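Okay, here's the structure, questions in a sec.
The letters A, B, C and D name the chains in turn, as written, and every chain counts its residues from 1.
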Amino acid sequence: MADVLMVGALLLTAATGTVTVLTREPRAQLMVLSSFGLVMSLAFLTLQAPDVALSQLAVGSIVVPLMTLLALRVIERHSRESPTKRGKP
Amino acid sequence: MTVRQVLPLTVAMPLGMAAVLVAIGHHAGRRMSDVLTLLAAVATTALGCAATLAASHQRVVSWLAGWSPGHDGRSVGLLLEADALGAGIATLAAALTCLAVVYGWRYFDEIAWQYHALLLVFLAGMEGFALSGDLFDMFVFFELMGVAGYALTALKIEDRSAVQGSLNFAVVNSLGAYFSLGGIALLYADIGALQLPIIGQELRTRPNPTSFVLAAFVLTACGFLVKAAIAPFHFWLADAHAVAPAPVCALFSGVMVELGLYGVARIYFVIFDGVLPGAGFRLALTVLGAVGAVVGALMCWQQRHLKRLLAYSTIAHIGIGALTVATGSAAAVGGAVLYLLAHAVVKASLFLMVGGLLNRYRSIDEIALFARARAARPLAVAYLCGGAALAGLPPFGLALGKGFVEASLDTPWVTLLVGLVSVVTAGAVLRTGLRVFLGLGAREPAEADEPPAKEQPDVQRRPALDHIGLLGPVAVLLGAGLLLGILPTWSRAVTAAGAGMVDGIGYVQAALGNPTPAPSIGPVPIWRPEDVIVGLVTTAAAMALALWGARGARAVGPRRITDAVAWVGRGLRAAHSGHLGDYVAWLLAGVGVLGVLLRLG
Amino acid sequence: MKRLRWLVCWFGICTFGILLIFAIPGLPPVGDVSHPYRDLAVRAAVEHATANTVASVNFDTRAFDTLGEEAIFFTAVLGAIALLRPARHEKDRRLPHSGRVLASTRLAGYVFLGITTVVGWDVVAHGHLTPGGGFQGGIVAGSGLHLAYVAGNYSVLQRIRPLRLLEIGEAAGVVGFIGIGLAGLVCAGSFLTNFVPMGILGGFLSGGTVALLNAVVGLEVGCGVVMLLSRFLEQDLVMT
Amino acid sequence: MRSMAYFPYFVAGWLMVMGAVGIVWSRNLVRAIVCLSVTQSGTYVLLLAIGYQRHAVAPILGAQDENTRPLVDPVVQAMTLTDIVVSAGVTALLLAIAVQVARRHRTTDPDQLSTLTG
């Protein structure tokens, strides 16, 4: 039973990880990344690693996506601001 | 307190000072942060010297937190182990940091304490990596060195190329580090230990499927090979070295790259020597090293961005180092260490000089700087000396190391390759020296398709070129390069330290409490007449090449050959595209090539 | 150039795959019973009365690793803050912020703020006993502080978040770690030795320096996360 | 379940390779950074899979009964924790650099960043 759970969680991890890589739209990718973090912390629970699961939950599905979101907003604003200036100093 | 006990302080001291700087930096002011940083770096150097002295008699083993191994040879703790080479590199890192602090006395005025704290953390990372006797610890300090390095590279945020170069550096290095961690995990799964000596001990006593050992080595070495800029893992290096502030470049080229090769050699000799098919290792590192040497030399010649030029020359020289380490012969490795150490100090001094030019004239472009530094006589002498030292001019240490390597390998093609790399890279350096300092050759109109190389200066002021903060460190570094060739005690000690690296079993035994005295010194480097002649010839050739280049490099020889050479040059430049995707693709391919070569051997 | 990139990449993928496929059967199967380092680590944890064996590895037997790890986090925060400074030619203009938030949202935000802070520090305090520790607790407490942004507005956040103090706190975390290590060197002859009386396994005051190191790491990480997030948040709010 | 004994390793390898390929693929630096963290996730899975033991419990000792059931390997868990901290730090720093790239270049598409050719 425990093994089935573990294999299932790992399959889900592999799947969400792949989707994370394949998603092209940055915002959408962010959502997938967050759920990837969540799925992974579940997988870590099935691997009997509550310590790691807790940090993965905190880092992988909250702090890193949040930072990425904030960075993305700044980056989008700068990229949008003057598209004509592209390639010039 | 014994040396064994204070060894961890080489890491803890700079780190602690970095934290103190962050805490008080806002209030302490510029001068205070300079002084505190220098103090920490000097203290670390002193500790490093003590450790090197102790380690040249017997390896210093420091099991941390009181968990030394039990009678079964297993331990739950981790260790720092200093052999002469490890401690020596740690000392070199600290000493170069001292010089970098002196040189950069007025750097980054507005964020001085942050710059200094990053510098100290970078030092702590290098110390930890050089002295660590634990694989996972090596990964941690590799990353620490990396994180500080990325931040230092991008610190000139106004510079467009700095941020891009730093990003390439960071992504490629981190990816390599994660692959290394994968390899470490494979070894852990097999052995159930992380300490280098214990893994080395266990792996030798049990049968292992070759494919497993091979994958473990390829993955573990991957990150270190990236750091060492061995082709095709080398692409990031020129980008990062070209854009980082000059004192940081001196540290990168002077120690960090060498540490990468040191890491590869360390894990090979302690863990994989005798486990991995030796012929495969030799083949792989020889081929990759030779390719790196040739690519680096060709790219070096084509540059007009002075720092990029120096960076490619570093790639070429480290390639030579790699193919020497590949032989696994104690004498050759000793010679390579002497060669790389002498190269490190000379290259660091060249970076400092180029940084001075950039700050003074606001340009890093060979052609834009044409004849502008004519008045800076002492710097001109130092620059040309540095170039000649790269070419192998006796009595600089580089020539001695080179000659010793050639003597102990005695393979004609290696001699030829080493000569070629020296001539081309030194020729390029000398060419820029002739143009910038002497105004020799034609004031070449910049080709239409190539804009001049641009870079933001490191400081806002325009410091003079005869400033003691510039000339002092340069003189110290060049002097060290000279003394390595002149003082037999120095060259002998360096070669012996390098030769001790090969003794993996001794490393293992010392950690497990059966110390053996340092291996007896085999052949020692001496100036043979043929070395002197070869050195003079390569220097003359480099000078001739430089003059030819300074006059506009008019094509000589049959049309077909010059066209082919030009085509190769263009192709190589196109491959070094600055594109992150390309670099990562090459990294993946490099892992594959390494695996294939190891298999073929 | 793009074609070459894909060619190189495919070559890399294929060879990497082959490498792994041949190497993985050489590993012990997942779920195997032989874990020599585990046996040593658990014995060491029992010896030093640390109920959470992961904390024992992190803060006792392999504490030096953790020093490096904290240094990495410290450096990353330091580097990110240095890099996200406004460039010389950029002006620091603040976007006007609409300060109107629904009262219920604000209440919920404050309640959660309180809860996450308490939970975070509780996780730190019991790191040597239960899952969690300085790092996890620090992250929770630190990122929880940013609920104030949801609850009130940016100025509220600025008031409860004295950045200068946080900077000192973060540095104090690192200095504290090294200080405890030095104390071990002085008292017991080796850097980072666990020299404090161990207590009884499972008791709150057990594990010796493990709990202390947990606390300093929690301080460092908590302060670091707040500074990091606030720097990113500032980028978003400040026009340049 | 015997045939599943190597499955987690393959998941780890898959994630590592996919992340790297994703970086090659990226037309946006933020995406490349996210892909890098996927590669790193592969190392977490690898480490934890190595330390796993069937029918063993999480490595927390009870007050008395520490020897009744085996524990899974705490060492790999400690390593993974370190790895996660590294990941948080490196990602933060990379994002900061990417923000500056966007500021200086007005784009984060690697195909359009062209200050470092040759």
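Note that in this section a residue touches a chain if its C-beta (ideal position, glycine included) is under 8 Å from a C-beta of that chain, and two chains touch if they have at least 3 such contacts.
In this text the structure is predicted, and so the values were computed from the model without any measurement.
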A-C compared against B-D, more contacting pairs: B-D
Chain whose Cα centroid lies nearest the overall Cα centroid: B
Furthest chain, CA centroid comparison against subunit C: B
Interchain centroid distance [CA atoms averaged], subunit A/subunit C, Å: 18
Distance from subunit D to subunit B - Cα centre to Cα centre, in angstrom: 28
Distance between chain centroids, defined by C-alpha means - subunit B, subunit C (Å): 31
Inter-centroid spacing, subunit D versus subunit A (mean Cα positions, whole Å): 11
Residues of subunit D touching at least two other chains: 4, 7-8, 17, 20-21, 24-25, 29, 33, 42, 49-52, 54, 58-60, 72, 75, 77, 81-82, 84-86, 88-90, 92-93, 95-100, 103, 105, 114
Residue numbers of subunit C (touch at least two other chains): 5-6, 9, 12-13, 16, 20, 25, 27, 31, 35, 37-38, 41, 52, 54, 62, 65, 69, 72, 75-76, 79-80, 83, 87, 131, 135, 139, 228, 232, 235
Shared-contact residues (touching 2 or more other chains) in subunit B: 136, 140, 143, 147, 150-151, 154, 157-158, 160, 188-189, 194, 574, 577, 579, 581, 584-585, 587-588
Subunit B-facing residues of subunit C, complex: 1, 4-6, 8-9, 11-16, 18-20, 22-23, 25-28, 34-38, 40-41, 43-44, 60-65, 67-69, 71-72, 74-76, 78-83, 85, 87-89, 164, 167-168, 170-172, 174-175, 178, 181-182, 184-185, 188-194
Subunit A residues touching subunit C - in the complex, by the definition given at the top: 3, 50-51, 53-55, 58-59, 62-63, 66-67, 70-71, 73-74
In the complex, subunit D residues that touch subunit B: 12, 16-17, 20-21, 23-26, 29, 32-33, 36, 39-40, 42-43, 46-47, 50, 75-76, 79, 82-83, 86, 89-90, 93-94, 97-98, 100-101, 103-105, 110-111, 113-118
Of all residues in subunit C, those that touch subunit A in their complex: 31, 52, 54-55, 123, 131-133, 135-136, 139-140, 143, 146, 225, 228-229, 232-233, 235-236
Interfacial residue positions of subunit A with respect to subunit D in the complex: 2-4, 6-7, 10-11, 13-14, 17-18, 20-22, 24, 26, 29-30, 33, 36, 40, 43-44, 47-52, 55-56, 59-60, 63-64, 67-68, 71-72, 74-75, 78-79, 81-83, 85-87
